[in-house]
Structures are given as C-alpha cells and as structure tokens.
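Mind looking over this structure? Questions follow.
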Amino acid sequence: MSKRYRLLLSCLDQPGIVAAVSRFVADREGNIMEANQYHDPISGMFFMRYIIESPSANMAEKEFADAFGQITERYDMSWRLSIASQKRKVLLMVSKLDHCLTDILYRWKCGDIQLDIPCVISNHDDLRDYVEWHGIPYHLVPVPKDDAGKQAAFEKTAEIIDKYVPDTIVLARYMQILPPWMCAKYPNQVINIHHSFLPSFKGAKPYHQAKARGVKLTGATCHYVTEDLDAGPIIEQDVIRISHHNSVEETVRLGKDVERSVLARGLRYHLEDRVLVHENKTVIFN
Amino acid sequence: MSKRYRLLLSCLDQPGIVAAVSRFVADREGNIMEANQYHDPISGMFFMRYIIESPSANMAEKEFADAFGQITERYDMSWRLSIASQKRKVLLMVSKLDHCLTDILYRWKCGDIQLDIPCVISNHDDLRDYVEWHGIPYHLVPVPKDDAGKQAAFEKTAEIIDKYVPDTIVLARYMQILPPWMCAKYPNQVINIHHSFLPSFKGAKPYHQAKARGVKLTGATCHYVTEDLDAGPIIEQDVIRISHHNSVEETVRLGKDVERSVLARGLRYHLEDRVLVHENKTVIFN
Amino acid sequence: MSKRYRLLLSCLDQPGIVAAVSRFVADREGNIMEANQYHDPISGMFFMRYIIESPSANMAEKEFADAFGQITERYDMSWRLSIASQKRKVLLMVSKLDHCLTDILYRWKCGDIQLDIPCVISNHDDLRDYVEWHGIPYHLVPVPKDDAGKQAAFEKTAEIIDKYVPDTIVLARYMQILPPWMCAKYPNQVINIHHSFLPSFKGAKPYHQAKARGVKLTGATCHYVTEDLDAGPIIEQDVIRISHHNSVEETVRLGKDVERSVLARGLRYHLEDRVLVHENKTVIFN
Amino acid sequence: MSKRYRLLLSCLDQPGIVAAVSRFVADREGNIMEANQYHDPISGMFFMRYIIESPSANMAEKEFADAFGQITERYDMSWRLSIASQKRKVLLMVSKLDHCLTDILYRWKCGDIQLDIPCVISNHDDLRDYVEWHGIPYHLVPVPKDDAGKQAAFEKTAEIIDKYVPDTIVLARYMQILPPWMCAKYPNQVINIHHSFLPSFKGAKPYHQAKARGVKLTGATCHYVTEDLDAGPIIEQDVIRISHHNSVEETVRLGKDVERSVLARGLRYHLEDRVLVHENKTVIFN
C-alpha cells in the first residue's frame, strides 16, 4: 500500500542537500510528486517541501526519523514529516461575528478542507446553536474586563485547549487579545484573521480607520499570532475595492467576503504544510 | 454648434438642488449626458458632476456663471464649469526613474489621455534626450542637500512652474520632498505617485519596508500632495501579489507596472473632473 | 414619516428628461439621494435610477403613478417605483451542490442581503435538512429524463412557483435546463449562475472544458435566463487564477468561491434595482 | 567562476528521476537554487525545471550533454540546458498599433527584461522612426490582400527571420494571420497576444464581439501560435472590468493596458524557460 507524505525542512544552504534528500527518498522507493524549494539570498537559508508517494512500510515515521537523522545532522536541519491523509485538529475561537466560522464549517462539512474540529470556544453564547447543529462541542468562556478576570478566563481557555490537544487554533474573529503567555505557549500554532491590509490599520476598528483615511481598497490579513499585536508572520492577504460612497457598515459587509476567503486560503496553506516561518516572515509554497 | 461641458459642484445638501440645477441646464437646451452625485451622510455634504451637451452659445462660461450665480448663492455652492474638449496643462516632474514618465508620454502621444505637457522639470539630466525627442522642453534644476541650496532650487522650480501656468503638476517619481510653501501654493494641483499601499510604508524605500515586513501584496497610491508627507487625499490605489521569493529588486520591477497604471488612472480621474476633495478625502465619480 | 424609494426608468433620450423628473420629485419634497443615468449612443436610449427620500404621503405609489403618467407619456418611458425597505420574494432552486445556497442563506440570515425566501425547490432531497433548519419550506420535484416526465415536472414546478408569487427565481446551481415556456413565463426574473466566464464554455461541464483548453483563469457568470442556453443578459462576472497543476476537482473547489460571490453580487444588483435590461445586455448602476 | 544554468526536462514519470538528476548536478558541484516539478496524473508525464549554480568548467554544455545522455536515455527525456545570463534573440512583428511594442522596448531599454531585439518586421511603415530611434533595424514587408501577394510577402518575411535566426518571434499586435507553413516552421517559437479572454471571441474585432455580448470583463491572452487560429497553447491571461458605459473605443483603450502586461508576463515566462508545452497546453513554472 502506497501513502502520501509531506516533508518540510529548512537549514543553512549548502550544495548537495537536494541530492542527499532525494536520494534518501528514492532509496525508500519514494516518488517525489511535488517539490518546492527556496534559497533566501539574504539569510542564506534553504527551505524545502516534498510531497512523496511511497510504500508505507518504507516510510514509517519512526524508522524514517532514525534513518533521516544522518542527513539532518550533517546539514543541521529543522524538519517535519507528516502523512498527507492525516487530518489536523483545528480548534476554533469566535465571539459574535460568524462569517469566518460559517465559512470554515461549510468547507469542513462538504470536505473542501481537510481538518477535524474538536470544539469551538467563545466568549459569547450567540453561536452555540449553529455550532452544535454541526455536532461540535461549544465552550463558553466569558472574558471580563478586569485584569484578574481576564487572567482567569484565559487560564480556563488554555485548560480547554490543552484538553483537546489541537494542532492549530484559529481566531475566527475572536475579539479578544490573547495574553503574551498564551502567544508564547502555542508558537506558530495560532492563526488570526485581521480585518485590514496589515501593516495598515492595526488594532481596533480597522474599517473605521480605513474610512477615516479615505483608502480606495480595504483588505484582510491572515497571520500567526505573536506577542506583538497584529505584527506576527503574515500568511496571506487580499484586498477589495471600496469607494467614497461605502459607509463603514457597507465596508464591514464587503470586508467579510475577503476576510473569510483570506482566512480559508491561509488556513489551507498551513494545514497542507505549505508554510515555513523564518524571522517573522513566511515562506509559502503554493 | 454643440459642445460638451463638465459641471462639478459641492455644498451642504438640501432638497431641490438636483431639480434647480437640471432645470437651469434644460433652460439652456442642455442635455445631461452623464450624472453622478453623492450625499455624504456624515458631513451632510452634497457632491455632483454633470456632463452636459449644449449649444455653445447657451453655455458661454461668463454668461453661465452670471446666471448660475443665483443658484450657487441660494445653496452656497463651490462649483466649476469646464469645456470637455479643452486640454489641461500638466507639468511633469521626474528624477531618474522613467517608467511613469514613459507611460504618460506614451498615452499622451497616442491620444489615449487628453492633456498638454508644457515642460518637464527634473533634478537630474538623465531623461533629457527621451523627453526632448517628444518635442517637450526639459528643465534641469538640481536639488542640493543643504537647506539654503534646497530653498533656492525650489524657488527656481516654482519660477519655472509659474512661467508655464500649468493646471496640474505630476510628481512622476520625483524623488524630492516639496517644501510646505510649495504644497500650499498649489492646493489639490500636485499629484504624486507613492510606491506603496498607503498608509502602509510611508516615506523612503517603501519596497524595502514591505520586504522587511513580509507582506504578500505590494501597491501604489496616487494622491494629492499636502504638507503632510504621503498623507494627502488618496485618488487611486492598487496592489499586486508578491512572494517570499521576490527580492527587493524584483519587487521594484513588479511595482513599476502598478505604479504607472495607478498614476495613469488617478491622473485621468483628475483631468476628467471626476475628483472632488473634502476634508482630506476624495469623492471619485467613475 | 420619510421613506426611501427607487425610481428606475428608460426611454429614447431627449433633452429635458432629467429636469422634468427631478422637478417632479422636488415638487413632492423628495430629496434625490443617489442618481445614476446612462445615455447609450448606439441605441439612443436613456436609462436612469434615482434613490429618493420623501415624506411617504407625497410618494404613495398609486398617486405617484397617476401624477407621473404625464411625464412618462410625454417621453414614452418604461418605469418602476419601488419602496427601498420592501423586501423582494426570492424563490431558490437547487440540485445537490450547496455552496451557492449556503451562501445566500447565510447572507439572508445575518441580514447582509435584503430578501424573503418563500421556499426552496429541488430535484433532489439532499439539502432538505439544511434548508428546513432555517425554517424555509422545501419542495422536492424530481425531474425524470424522459420528455413527458420532464414536462410534468416543470409544470409541477411552475405550479409551486405560482403559488408563492416570487419576484425573482434564483437557480443556485440547479442542474436542469428550464423549458422555453418557463423562460418566457418569467422574463428577466430568473437568475442563473453559470460556472464559467461566458461566452467561454457554455453548457455542461465547463470546468472540464476549461481544463481541456488549458486556460489560466476560470470564472463564473450571473445572468438572466432566456430560451437561449447560457446566452441571456449578463449581470456580473468574475474570474480566479488557476494553474496547470490544478486538477478538475481542485478547479471545481476553487470555482465555488467565485460562483457564490458572483451570484451574491448579481443578485444584490437585481434586488437593489440596479439592473436595466435592453436588447440582451444589462445596464448596471453600481 | 560560477555560472547559473537552467535545466528543463520532461518525460514519462518514474520513481528516481529527481534523485538521478539532482545527484548528477551535485556530482558537478552544482547547487540547485530553484526547483519546480509537476507530475500530470492524466498523461503520466513529469516536468521539471532547475536553476543550477555551478563552476562553469563543470557544466560546459557539450560535456554536460554527453554525460547527461545516460540519464536522458534511461528515462527517455526531452531536455534543454541553457545559460541564464545568455540573452535570447527576440524578433518583433507589428502593424500600426504600438502599445505592445512600446512596452517591450521600454522593458528592454531599462533592463527589466533580458533579451536582444535583432530587428522589427512590419507590414506598415508607421512605427519605423520610433523603432530606429532605439537603434533597432526596421523591415517593411507590406502584405497584399491577394493570395499570391500574401504568399510572396510571407516568403520575404521568413527570409528576413531566417537571416537573424531569432530564438523567438513575438507578434506584438501584428494584424495578419501567419500561413500554416510559417506556424509549422517555428513551433512553440511564435508568441501572439490576442485581445480577448480566449476561447471567448477568437478572430477579428474581439472588443466589438465583447461589446455586442455585453460581458462585464474583457481580457487578453498570450499564446503560442499554431495553425489553428487563436487556439494554440495559452501561456498567460488576464482580465479587466468593463461596464455598459464603456464604448468600444474605451474598451480598446482599457484593453491595451492588459494586453501589454499579459504579453510582458508571457514573454518573460518564455524567456526564463518557465514554459513547457504538452498536448496544446502549457506547464508554467512561476
């Protein structure tokens, strides 16, 4: 039986890496179905992604790791091998706005995106019915305004997260700022959708900021969450045209479409192992 | 003989404006060929653009102004009537980069954009041959680094400008910052193309800034110049997709295409009287 | 109490129409909030759309019609006045694919698009649960392959439609071809979403056709249904980039996003009275 | 001294190709700077592009070919090795419209695209001055309407082409249809820009066809010329939005921008060895 694997790796570039890795794969009767690589001339880093089809016996993760160790040590590589058919666990966090949640649930339901959704966490109860109709557990964790209350709420949140052990957490318009300790706890695991074309209009009410500045395009940015608000590595962005006659309310409505599509694309890149992070920037193999 | 006119006006909105103005036009046997209007619910302002076809005797500017006075006083209007076939004088300012200049000269030469180019002013001599091949005067005004030299250079520049009495000045990648007194001297007359999606990456080297932040789109912004650097009213913007593998040099090259097309569109809107400025924002009727 | 009205009209162009109509509106204390007009130089036709705010007593539809009769007769106009806040009845028809249905239901549920959905008709039972969860009646009308069966099915369908008296029928990926008599029965009332950039790839399996031709973009087209398959007046179109490496299945998935957004925009234009049809083409005031 | 090479190859897919080729490259101290590959599941074909940096002594084309022979025979490969810094000879053919010519000359002059232009051939004399100002020979070959005259003209054209031995011929809005024998003579070497989104609106006057159909987007297509008019392998396409109010003349003007940018991108892909043709379709590695 043949299986599909994804191999992601990065290291300082040196001649012979491609030959060494592709020979290793060929020796296991692996066929390289897709290949992407990038040599960054500034940092000297090398990034690579292989989709490999191989008899599963020959690529068993444990055995592969042991054998691959020789190469990874020689080149001092960071690497990850994953089985393409294995669905990731993606925990969703939302507040009251449901366009991103609805979109992800739709894609999940009809099989257009491969993931498991262990639960939804929200600071409001508004979306419970819709989520539970899909057979997904819904956890309400209200977030008070005071510091102590906030701290308790986020501890409670982390507790729920850790119970489900998700691979990824998506802030699908979750309108709270995660505390630094949470950002640090899940590095490059928390994906946010911000409703502006970053770095323009960070922080609160970006559509109001955009209207006030009179820009002619508005956008959305999907990025990894870091301690620095709206300044983490950008995965995907897009814009739509707006006009003087669009009110803030209309801009919000128009923006929803680009938010949900940018988040869907960004999340897909992440789940298909197309994203490598290096120094607050991403390499996207798509 | 029939002529085409453009009527632009703005005032605080009140019922009856459209009826009063369209009746006035109809009384002069004018036919309204295009009409745009916008009521801004925040400021309560009303903006309007008419393209009128009328026997020229009935719309003579002087007579029109006198007769129109009654309406404009009643509604406290700002307004302008222009003859559509009358070309505007657009003075170009450049440095060494020629993609925007080349593009404007091409559109002018083949008649795709209606304007006269009285002269080009530059702080370098590099583009003289190409400009003079088109039969357009070229003025070299070097801009020294010291304050006194700069002041003298800009006085010289203003002198040249005032000799040609242009309607519009285009900074077609002119790599100097105009002094405040020049910005104030030509309000809503100086158009700049900035090589980023404003308000992201104001000031110097925006493509370097964009690369450093790792954005997935880069853009260009056409705006009126005000004393506030890169913060004037935005006329037009657009973006293109970039990737981790695009070096700064490639981003510069890719950006040229969007710069020239954004400038061409913005300049066209301006020349076709499609732009009304209100409180650092534009109403664009297109 | 003030109300918003939409006035749509078309006629052969003549001087004075704008003055006559705007005077009529002003006489009823109407304020013209939005105005669009278009003079087609080929056909000589004039098209106009006004958004009018007026005390409701002064614009009562019956009284307005009587009084407006004088103007419409003089200019031989086609016209329609509608109350902006009055929701249209939009009947949806689907088969098995649910991305367009899901999208419309989402926008309807959250109030982003103004319409009432009296029922959904389908030739399959697959989407019943999802539709009924929204509290909307679901009618199954299977369509057999034989001519007599087809005829009976469409008679049954027309019967259901006529019971609900919808303003508009949306074929949200309804995979059957309406018979000519049905197309004729509901002129400019039936909106279809076709999954290609028309006129490329009419008819069945357009994504397969696109893949076979090796195009680099694929699109979607929202149009009014006429007896001529996929050849009715186009309301809206858009495209997305595809690549050699996208399989037909991936193209189908990518296409869904553009289909739903094109349909949503086209339907919105239709419901906001932004569409005028003339000789198999549309004038879109947006 | 190190040099950059581009290696393009295609063959029926089999396990071990990547390993064999990358090992061959590594043995010559080559470093693979960019890699793209595609396995087509329908045809079973494998396509690959490497950018290799290697000491030039180790990759001398003759020696490489001899040594590489073993691999290419084993896998029955089509392949090509080119030196990245070696400029291709691109012969341009035009008629009267100059936007594509102007654009290519601009990019060539400022070094944004790497090519040599041995000469321009035209069936009109209009663009001679502009071309010769750039120091490029201009050959006038009028094309009469009668068959014998046409045949003679194209024989004369082929004679000129064969004198310059170009790598590529670009029909930069050359408004004549090449005879089948010329299409066959330069397979996948003649690039055309067609002013519609193919397969919509093949043949003459596509903007008129587009206006008549009432489409909401218009486009341009860059493709290799084959005997089948406007049906050759598509390299690149793009569209722009148009509206009911755009006349054919305005559509022509708007279309120019997308024509020139699509041609520039398509030509770049071709010159950078990013295009592989298989069964009337292209694989584009970009």
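A, B, C and D are the chain letters, set down in written order, and residue numbers restart from 1 in every chain.
FYI, a residue touches a chain if its C-beta (ideal position, glycine included) is under 8 Å from a C-beta of that chain, and two chains touch if they have at least 3 such contacts.
Just so we're clear, the structure is a prediction, and the values are computed from it rather than from any experiment.
Undergrad: Centre-to-centre on C-alpha atoms, which chain is most distant from subunit B?
TA: A
Undergrad: When the contacting C-beta pairs are counted for B-D and for A-D, which pair yields the higher total?
TA: Pair with more contacting C-beta pairs, B-D versus A-D: A-D.
Undergrad: Starting from the mean Cα coordinates of subunit A and subunit D, work out the distance between those two points in Å.
TA: Here the centre of subunit D sits 37 Å away from the centre of subunit A.
Undergrad: Got the subunit C residues that touch at least 2 other chains?
TA: Expected reply: 34, 38, 245.
Undergrad: Residue numbers of subunit B touching subunit A in their complex, please.
TA: 38, 40-41, 197-201, 213-217, 219, 233-239, 243-245, 247, 280-284
Undergrad: For the complex, which residues does subunit B have touching subunit D?
TA: For this pair, the touching residues of subunit B are 34, 98-99, 102, 106, 110, 112, 133, 245, 253, 256-257, 261, 264.
Undergrad: Flag every residue of subunit B that touches subunit C in the complex, lowest number first.
TA: 13-16, 18-20, 22-23, 25-26, 29-39
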